[in-house]
Each structure stands twice: as C-alpha cells, then as structure tokens.
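Going in written order, the chains are labelled A, B, C and D, and every chain counts its residues from 1.
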Amino acid sequence: MTKVMNVAMIGGGFMGKAHAMAYAAMPMFFWPAPAIPHRKVVVDVTDGMADEARRRYGFEESSSDWRAVVNRPDIDVVDICTPNNVHAEIAIAAAKAGKHIICEKPLARTVEEARVMHDAVKAAGVIHMVAFNYRRTPAVALAKKYIEEGRIGRILNFRGTYLQDWSADPDSPLSWRFQKKIAGSGSVGDIATHVVDLAHYLVGPIAEVNAITTTYNKMRPLQQGGVDKLGAAEKAADAERGEVDVDDEVVSMLKFEGGAIGSLEATRNAYGRNNFITLEIHGTKGSIHFNYERRDELQVMFADDPADARGFRTVYTGPAHPYGNGLWPIPGLGIGYSETKIVECYDFFSAIAKNRQPSPNFEDGLRTELVADALIRSGETGLWEKVG
Amino acid sequence: MTKVMNVAMIGGGFMGKAHAMAYAAMPMFFWPAPAIPHRKVVVDVTDGMADEARRRYGFEESSSDWRAVVNRPDIDVVDICTPNNVHAEIAIAAAKAGKHIICEKPLARTVEEARVMHDAVKAAGVIHMVAFNYRRTPAVALAKKYIEEGRIGRILNFRGTYLQDWSADPDSPLSWRFQKKIAGSGSVGDIATHVVDLAHYLVGPIAEVNAITTTYNKMRPLQQGGVDKLGAAEKAADAERGEVDVDDEVVSMLKFEGGAIGSLEATRNAYGRNNFITLEIHGTKGSIHFNYERRDELQVMFADDPADARGFRTVYTGPAHPYGNGLWPIPGLGIGYSETKIVECYDFFSAIAKNRQPSPNFEDGLRTELVADALIRSGETGLWEKVG
Amino acid sequence: MTKVMNVAMIGGGFMGKAHAMAYAAMPMFFWPAPAIPHRKVVVDVTDGMADEARRRYGFEESSSDWRAVVNRPDIDVVDICTPNNVHAEIAIAAAKAGKHIICEKPLARTVEEARVMHDAVKAAGVIHMVAFNYRRTPAVALAKKYIEEGRIGRILNFRGTYLQDWSADPDSPLSWRFQKKIAGSGSVGDIATHVVDLAHYLVGPIAEVNAITTTYNKMRPLQQGGVDKLGAAEKAADAERGEVDVDDEVVSMLKFEGGAIGSLEATRNAYGRNNFITLEIHGTKGSIHFNYERRDELQVMFADDPADARGFRTVYTGPAHPYGNGLWPIPGLGIGYSETKIVECYDFFSAIAKNRQPSPNFEDGLRTELVADALIRSGETGLWEKVG
Amino acid sequence: MTKVMNVAMIGGGFMGKAHAMAYAAMPMFFWPAPAIPHRKVVVDVTDGMADEARRRYGFEESSSDWRAVVNRPDIDVVDICTPNNVHAEIAIAAAKAGKHIICEKPLARTVEEARVMHDAVKAAGVIHMVAFNYRRTPAVALAKKYIEEGRIGRILNFRGTYLQDWSADPDSPLSWRFQKKIAGSGSVGDIATHVVDLAHYLVGPIAEVNAITTTYNKMRPLQQGGVDKLGAAEKAADAERGEVDVDDEVVSMLKFEGGAIGSLEATRNAYGRNNFITLEIHGTKGSIHFNYERRDELQVMFADDPADARGFRTVYTGPAHPYGNGLWPIPGLGIGYSETKIVECYDFFSAIAKNRQPSPNFEDGLRTELVADALIRSGETGLWEKVG
C-alpha cells in the first residue's frame, strides 16, 4: 500500500501555491505513486495568513510557529518555500528533527550557509533536495538522455541564458529580491543559479568563471505590504526609495571540469523576455537547443543525418520521453509550470521511497552556491575565479 | 465563507486525472475561490477500478454504480468524464436529480442526444457546462478580449486547424474513438468540435459548412484491454482487426452568420503534428494567430501601428491578461494542459456561485453538435449544408 | 563555347527588374552556364520609359514597339513581363516569329487565351515557360525530391496558402490588379495560381475544386500614374473611386486526381501576412511544411525516426540540396527573391539548351488556368466544379 | 547623366561572384543609380582562371597581373576579393594609384597591416570601404534606425553570435581559413569581426574584451586544389594532414565605451547552425532581436506598449524600411545574400558620388582589427584587454 507522508510547508506565497498543487496532483499523474503526500500543516508569518493558506492550499492545519511544526513527530517532510534568508535556519532545524527536506532555490544566501545546511542534512541522514524545477522539464530531461547516450558526442560548448524583464522598470518596487540581507544576491542567486544547475546537470561541474555583474537601477520605491510583487504591479515614480544592493545582471564565461567552455547570462532587465531560459549545447556529433518559453519542445541536431535532411528536429515531448508515462497521453497537450513542479515532487518522493539522494540535493545546491560565489567574486575582481 | 461543494466524477481515465487535479488546484490558483470542490465520489466501471481511482485522485469514496451516486443527496456536482456513448444517459439522470453538470466534449454522439440533454438541464434549472477547455487558454481568452474591444476590427476570415498524428499508423489499435456506436463520429466529434467551439467563441455562430470527410485507415487491430491508448503504444500489424466506421479527417469551408468566411481542418493522421490547434483571424483592423502547441503566446497584428514597426506581436500571457490574477506571477512560467483545466474549473464554479450559465453550456454544446452534424452531412452530399 | 542568346524583354516594371537581374547573374551562379543571356532590347510603353529601362537594366537597345522587336531575326528569346492583358497577343506573335518564350504568371486572363497561347507555342515548336518562380525556391525543390523518393509516402493531404496584406486598406489605389479586363481575376489569378502551380508540382493534377470567392473592398481610389503601386504607397481616402470587379480572396477545398484531398486559401487582405506562401503536406510516411517568408528552410518529419527523436526537422538549404551547386557555399547565407529568379532563368535556358520543355510550360500554365477557372465558377455556383 | 565607373575586381571565387552580381544588379535596384559600375577587368591567379572568370562574371577583360591592372588609368575602382594575405599589398598599391577601394573583410591579417592600409587610403584621399555586408541587411539597418531614434532607449546590453558548422567535421580540409599566415586568425577574423562590425554599428565602440579562444581540431587533411571548399565537400579521413594554427571558436565578454556590456560568440563548429548571426540588444525602453537565418525579419519590443499587448513584434522589412525603395515592392518577397551585396554596392558608389567616406571604411576596419587583436590577446592572457 502506498505510504502517506505528512508534509509541513513553510511559506505560503507563489511557491507555496506551486508546491501545494504538486502535492495534490503528483499521485494523480504518477501512479502507483512513490508516496501520497498529505498536506498536514502550512506555516506562514501570522496566524491569519497561515489559516488562509490552509484553506487555500488544502492543508489540514496551520501555524505561525515553524519551529514547533518542524519538531512535530507526525511530520515526515519539511518544505521550505520562504525567502532565502530563513532557508538555513529552517533546514538545519528540520534536519536535526530528522525530517526529509525540500528547499526552494537558491539553497542559501551564501556558501557558508549552504555548507552548514549540507553538513546538517548529511549528519541527520535525511533525504534532501533543492527545488531547481527547470531540469524537471521533460525536454530538458530528454536533452540529458541524448547526452548520456552519446548522441551528440563530446560536449564542446554550453550557452545558457535566463532573461526576464520584471525588474526593468526603475519604478517597480524594492522587492526582497533586491536586498542582499534577504536574498543574498540578485540575478545571480535568483535566476543564474537555475542556469548553473542546468549546466551541472547536462554538462558537469563548472571549474572556473569570469563574469561581469552590474546593477542598472540603484534605488527603487519601497514596497507596500509584505507580498513580493515581481515588479510589474505597483509602480510608483514618486514614492520613497530604498537602495538596491544586489546585481541586476550577470554575464559570464565558463570553463567546465570536463573541458567544455561556455557562457551564461542572467538578467531581470531584458524587456520582452519573460522567463527566457535557453540552452544551447554543441557536441562533436550534434547539438541541442532549448527555450523554456517553448518548453514542450527540444531542438536536436544529429550530425550523422543524411546530408539532404540535416537540421534541428523539433521534438515535442510526450509518452516516448522522460516522465512521459506520468504526464499526458500525447505530446503537445502541454507542459506548464505545474507539470515541472509535479515531476519535481515525484522525484523527491521517489528518492524518499528508495532512500537514495535525489539530484539536485543539498550537495549539488552547495556546488551551485560555490559557482554563484565565484560569479560574484569575478564580477568584483575582473579575473577568472575558480569554483570552491 | 467559501462554500464546499461535493463532486461526483464519473470516469477515471485521462480526463478523470485532469479534472481531479483541477478540483484540487483551482482554489490554490483562484483565491478567494468561488467554491471549494470536494472530491467526494469517483465512479468507474468496476469496484476495483473505482477504488484505485479513489486512491489515485484523492476522492473520499468510490463506486461502480453511477446511477446511485448521481442520486445521492450529498452530491452537488456531477462531472462526466466517460466515453461519449454514456454522456446523455448520465447527464439526464444527473439533471433530474438536480445536480450541476460538467460534461466532457463533445456533448453527445448526435444532435438528438444533445437536444435531449439540453432539454433536461433546462428543465432542471441546473448549471451546465461542456468541457471545451481550449478556449480557457489565456491566449485564446486574450484573442476574445481584443476582438470584443474592436482592436482587430470586423472579422473577415477565420481559419482553424486541429492536427494530430496519433492515429496515422494503420497498426495502432481500434480505440473506442474509431467506433461510431461509442464515439458518434471520428475527427469531427473528437477534435473538430474543439475548433467549432473556438470559432463560435471568437467569431460567432457558423451558418453553413461545406466539407470533405475521409477515412484513411478502414481496419485496425482490435484493442487489448479497456483503456484507450491513443494509438501510439501497442501497435500490432498481425492482430485481428475491426472496422473503423468514423472519419479520420475533415476539411471544411465555413460561412458565419455575421458574414465572415473561413475554413476548418481536423485530422488525427498528420505526422508531426501533435496537438496542433491553430487559429488565424483576419479583421479589418488587424489579425490574430494562435498555435496551441505554443500556448503561452498570442500573435496579434494591429494595422494602425506605425509603418516602420508593423508586424505580429508575440504576446506572452501573464498577469496583465485574462485569468492572469489566478495563474503565475510573470508570463512565460508556463501554461500547460493543467492550467487550461484549472481555469475551466474556476469558470464552472464561478457560474454556480453566480447562478448564471457559463459558456460553453449545453446550449452551446448543442449548437456545436449541429455544426458537427452539418459537417458529416456535407461530407456525404458534397453540398453546402445549413447548420440546424 | 557557351552560346550567347539575345533576349527581348517586354515590360520594365518590378518584374522587368527581377528578370534583368537574373539574366546578368545566372551565368555567374550556374557555371558553365547553359547559355549566356544577352540583354539585347527592352520594350516599354513609351520611348522615354524604354530608354530609361535600357539604362537601368543594362540592355543594349530599347523600343516602344514590341511587335517590331519580337520579329527581329537577332532575337532568340522573348520575355513577357507585362500586365496580364497583353500576354496572349505578345506570346502568339513571338511564337509565330519562332522565339523561345518566358511569360510572367498567370499565363493569361482566361482559359481561352491560355489555350490559344499554348496552341501557338506548340505549333511553333519553341521552348516555353511560365514564370511561377516559387517552385524554384530550393526548399520547395527539396520537398519535391523527398516526395519523388517516397520519403513521406503516399500523399494524403495538401494545404496551401498565399496570404498578403497590401490590398487590405480600402483606401489603397485601384491597381490594374483589381480590374478584370486587365488582370482577368483578382487573388485567384494573381496569387492563388502560384499555390495551384505548387500543388501541381508537388502533388499532381487537381481534379475538382469547391470554392468561396469574395470581394471585401468594392470601390477603390483611382490610381495616379501608370506604375502599379501594390497598395501601400499612396492612400487617398477622398479620391475619386472606381469599381473593383475581381475577387479579394478565395478559399477552396481540393480533390486531386491521385486521391489526395486538400485546401487552398489566397487573399491580399490578411493584415500582417506579407508574402505568406505556406504548404503543408501529409503523407503516409511523413509530412512537409514550408513557409516562403522563411524560404531558406524546409520542415520535414519522417515517421520512421526513433520514437524519442521524432519531429519536424528544419533543413536549411545549401550545397547538399537542389540547385545547391549554383547558389551559395553554405546554407543560411540566404535565398531571396533574386535567387528564385536566377534559378528560374537557369532552368529556362537549360531547357533551351537541351531542347526539352521545362516545367511549368504553357501546357502547365493552361492547366493552372483551368483550375483558376474552376475556382471562379465554383465561387459562383457553390458546387464542386471539375477542372477542364 | 549617371556616370559609368570602371571596376577592377581582384579574385574570382565565391566573393567575386557576389560582387559581380552586385555590379550588374545595383542600378536595376537603386535607380537613378549613384553610378553605373562597369565590369572592366577581373584578375585571377592564372590567365586561364582569369579568362573563365571574365566570361562567367561578365567582365570586359581579364588578367593575372593585379599590379598592372590597379595602375591602369582607366580603372576607377579596385575591388579586393582575395584571401586575407594579399589585402594589404593590393590595397596599398591601389591607393597609391588613386583608386577607390572596396576590400573584403576582414580588412587585414593584423592590426599592423590594417594600420598601413588605412594610412595609405587616407594619404591618397580615395574612397574606401570594408565589405562587412551583414549591416546592409535591411532588418539590421532598421535596428539602427530604431536605436538612433531612441525608440529602445539607452542600450544596456548587446549579445552577438555568429555560429556556423562547416568546420565541425575534423575530416574537412585544411582551407586557407585554417592557416594563420594566410588568414591571420580563425573564427576571430573570419566571422567574429562581422559581429564586432555590427556591434560598432549599432552600439558604438568596444572598449575592452575578455575572451576564451580555442581550437578543437588541430590537424586537418591537406586540401586538394586551390579553391576554398568551406569544409563540406571533400572529406578525407585518411589523407595527409597539416596543422591548424588558428582558433575554431571565440567566446568573449564586451565592455562598450558608452557603458553597455555584452557578449560575443563565434564558432565554425556548431552543428546545426549555418550562418547563425544573431543580435540581441536590451535598452531602457525596449529590446531588439535579429537572426540572420531569418533575415527578412526584425524583432522589436517597445516597453511602452499597452500592458495587454506587449511583446516582440516581428517586422518584415519592405518599402517602409531602410533601402526599401530600392529593393522589392512588398515585404516578404525575400532578402537573400544577393540583396545584402547589392545594398553594399549601392552604399559604396553613393559614397563615391558624394565624395564622403562610407561606413565601415578602412578606419572602421582598423578599429575592428583592434578588437580582433584584443580578443586574441585576451584569449592568451585570460585578462580583460583594452582595445587599441
């Protein structure tokens, strides 16, 4: 009989929504499920917010005291959906309490935090995962499959971008994402880490980076209310302003341990780009291209195709591809953000069921923090910086 | 306080999965929700299948007796996710029992069935809806908004396609979708009706059609097991075969009551097309293009743009567009099949909450059946056939 | 030694430009050339216009008397670049004078004219060609190659469009293209014939059609000056107006002699579409898609590709594809309108050199006129109309 | 009366073809033309090759002695279409002889050569141009127009790529393009300089670079015959091999004098990319994207578009855009490589007619060499290198 596991979710914002949906939907998609996640307790800042989150997200109970919750004996899994500044504290407490942990990305604000978190989960022997969901996109997993099967040969080059525009307007509010003490860094931690995770997944460890980091908008209107607005909503040209002390954009060259070279660019100021995560990988036998804004599709080119029929194939993922059995019966029905989170949830509970660390786990998350740290250092020194 | 409503879902296949997910997720997305759907009972063919569906889809109870279930006083909503041949019987019983009804598309196998169903819900005074989910895609709703606001002017021309390839292989199994007694028709009922629904939504009533219908593969291997495989899975060149007595493809010209002309094409035999629902609409002030395989995007061209900057805009839907408040915080995070069903669920319960019929309701579904009927008649006569 | 052939070009408008360029460029591209076209005489309406055309297009002589020119013994080739209303007269005279003829499309205003033209060239034993240049696009020729080699199997379905927007503005001038006495028909002759030619080339003879034809703008401002403006330039809302007596749009279903079905749409009123010639062909073993606005590319899908790597390939044409030896050294350098005309010129002189009729010749052009005639008839009767 | 100018073209390979076509076609397209180029003498390595080039390209005379030709008093223009190693010698001689000069790109193998060439043309007072044709693409010129008119605001970021795959196969021959003594450098000089030219044109001077350069294939089969094959044609796994002493790929970060940052990547080893020149520019009021493989189109996004209709517009260039009067009467007829070269020819002779240096002239070409030199230096030092 499939085991029911009690989840305590800390944080009821946009990420809470995504995770709660995944808990409900995962067994519907992947059946028999590795476990049935039970939405046991949701935690938010106040009792009122927590209770509303309970009703909205279908949890059994609510609380504003995460410490008490993570120590409850009936909790199996702690899910950290908070801003970055409390990831470490919660994760360490949860680990000490022996809970399995899924933590939103980036793992931490700094390498030091990430290291302590990793030490804690390792010591506790729990299952741990960082929620870099984009590698759960079936098309990305298909790219991984092609690469592992050698179908594009040895990788020469990786190019990754993550371009958004929600902070391009200088009058959009000073979200916590612009504050170092909460976020740790700006585009580096928020979005470049996704690209780093994808690069690690598909190509292998990054060894060195050489980066430019820049802040285009140095002051922003103070945000009214506690909820993160992602910029667009409440512009206020004449409001009181606070300082942005993180980066808006990072451009970097990469060297991989395996010999490949590459580049990475992440910005939240690229008008017209929304969630433009792109990958292009050139190998000795073919190439791969992916654009998350068209995430049902993977572009792949095999060099040994006949001369008169060579070109990128647009493969729509479906039952014949990774995670295909659990998703929709034909390609093109549609992979959305929901599906990436449902797959993530499946992989997390599968890891628990098999008692085998998933990827990316906290060790991978730490490795990504090391790259983020190297990016920021290189942005300051202008030199190649080794990772770790 | 948001009302909890008990749902009885009849049918636990692919559509059951989509609906169950939507019941769980809808309040998470659209909050405050118009109602909290409670997954009360799921019905499937056998007790064993029903119990498995219960566990998988998170229902409280299960049953193999839909008649008993639809007559239970604690049921508020009946959701019909079965093959087409039992839509009428269930819907009529549910209407008589005073339940609100959401029925998968197409509404019925024939105009006659649809008419009786419509009479039943009208007599019962319940809320009724047909699950043509593609018009719930935010980009399609955005097209509707542009049209209603006059931004592309008077509509001259509509072109719609629905191209798939899951039945292109002549050795793929004889699903119920190839059998007239169960499905009513082939590509006409299964997929062309989606295009008709979109045409009705965006342009208005179709007045006349002139069609070709054709069946490419007249015999197919008998299917093993009860579950509909949508072709790909179990090919069997040497299996015993049964007759296909429905159409594989329909091509039609259209005349709308409002004066526009157009065309429609639907086929399940177009290699390389997966769920290729496309719309192109030309108006006196602009044009619209949509391709469901890239469903986050709407293409729109405004004729009064400056001469040196005219062209289709690729608009990624997000918070600034229909249903944007309930979905994801920035465009491009991703609309999948799940999101279309969550929106559909929201619109259905909103209609119940407001006690106002949603669209498409059974009257719209009947209208679509009338067009389907005209398509099939025209395919036989080779003449323009009036709708209804 | 490559033979030099003297060309007399009748008409110095947009088409004259394209042809003159091709005469100069063809041997540069295809070398050794089948012949060296010598720009001997250009003819235009007045002596002044003709002399200017001579200087502009690099001809040796000019004239305003086409009759005299086509009868000159030193002329080998007559090139008809005039409006449609004088195609027949010039072609018949040129045939009688024993000249090889290339005639712009459509061949004639009516089937009757086309038939007499065809009789004339047949009687004269000269080489004859109709300038349907779009089938000269390398990507279209590649589609032909795939089809002939059986790589997409038996053709089930053809869908062709030709969408433009230069006449969408009701204040754009009354070009000769809107006048039946000069043009013969509207979108049918002007652009639908291109699609018909492509359908004949790729699929085979069309047997029957069933069409809607419509005229959206029934009066237009009289045009000032003799040159055809293709709408955009000189709009005049308050000018004196004349009647449009041809169709703006045609939508049709098609039945091919070989059993395939299909559709065709041509309009000059589709805002946002410029020269949007698209083809989609579904076969029993694969599919082809082409969009002339991205003419370097052919999309092809092979059904027997491995299940995890199936999808349309985007093939950029180059040296490995038809006409590749004569064009550019790598794919993607770029096929423009010029290159289609250079290839056309090459095929025409190759036919002369080999003394073998090219395709499309006047017989093919007549066949296309028969389809155009059936389209117009069907637009009037609302019935399936047989071709010829 | 339009002046006829005598052209001596040195080099009869692929570039000779493109230039000869442009000389013939330019006045046909841009009329009245700034001058009528007369194809007077073509020079190639041997008398036989030169005579064949004469017949093929429509020149009046041929020669194998470029020194004699550039000193002929009847020559007005010298056109250098040779490999890079003789650009300097010919250009300097032509300048001394007082000829106007158009030179293929890159201007020279080294900064030193470029500087001497620039000094020579400056001293001679002749008109000089470097044939970076891609900025002549109408869509690129339209991007320039938007930027100059401030329509995308201040430029924050530039990303340029030039990806090809013709040298990806390690068995493709050792073209002169792989030999430093002839080519000067590899991907840097051959293709990255095009991106540098585009960056200079659109954004302004590059101040500093930080690059990786790499050579993937260090030995290649010796090439048989004198003609450059661009890799694809004659593979020979077992042939005698020679050393590649230039770079296959360059990846770089950029800092512009005006404050923008950016990146550049050029490779000839990216399977599936043919002539993939892409630009993306983010400004404070909008963004621009261009892909030369779809060169009829410019993508532009204006941040001040209404919230519900924001997105990249796909603008097909035509009469309403730069060079539109000279090219084709409606957008989408098609810009190919030919058209870029015809526009280049027009700009060159316009400069002569106006006695005003065109852009890019040898000073611009020198500036580009300085960037190329900095790229190579940085590839060696791993440090930010200042330009010049």
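Everything below uses one rule, namely that a residue touches a chain if its C-beta (ideal position, glycine included) is under 8 Å from a C-beta of that chain, and two chains touch if they have at least 3 such contacts.
Protein identities per chain, from UniProt: A, B, C, D = Gfo/Idh/MocA family oxidoreductase.
Bear in mind the structure is a predicted one, so any value in this text is a computation, not a measurement.
A.B. asks: Among the chains, which one keeps its Cα centre farthest from the Cα centre of chain B?
C.D. replies: So the farthest one, by centre of C-alpha atoms, is D.
A.B. asks: Select, from C-D and B-C, the pair of chains that is joined by more C-beta pairs in contact.
C.D. replies: C-D
A.B. asks: So the centre of each chain is just the mean of its C-alpha atoms; given that, what is the distance between chain B and chain C in Å?
C.D. replies: That pair's centroid distance is 41 Å.
A.B. asks: Measuring from the mean C-alpha position of chain B to the mean C-alpha position of chain D, what distance in angstrom results?
C.D. replies: Each chain's C-alpha centroid was found; their separation is 53 Å.
A.B. asks: Can you give the whole-Å distance between the Cα centres of chain C and chain D?
C.D. replies: That gives a centre separation of 33 Å.
A.B. asks: Which residue numbers or ranges of chain C touch two or more of the other chains?
C.D. replies: 273, 297, 310-312, 316, 320
A.B. asks: Flag every residue of chain D that touches chain B in the complex, lowest number first.
C.D. replies: 142, 145-146, 151, 297, 300, 302, 305, 307-316, 320-321
A.B. asks: In the complex, go through chain D and note every residue touching chain C.
C.D. replies: Touch list, chain D to chain C: 2, 14, 17, 20-21, 24-25, 27-29, 31, 33, 36, 55-58, 164, 166, 230, 232-233, 273-276, 292-297, 316, 318-320, 328-340, 342.
A.B. asks: Inside the complex, what are the residues of chain B that reach chain C?
C.D. replies: Chain B residues touching chain C: 152, 156-157, 159, 168-169, 210-212, 214, 216, 249, 251-253, 255, 261-263, 265, 267, 269-273, 280, 282-287, 289, 299, 301, 303, 310-312, 382-384.
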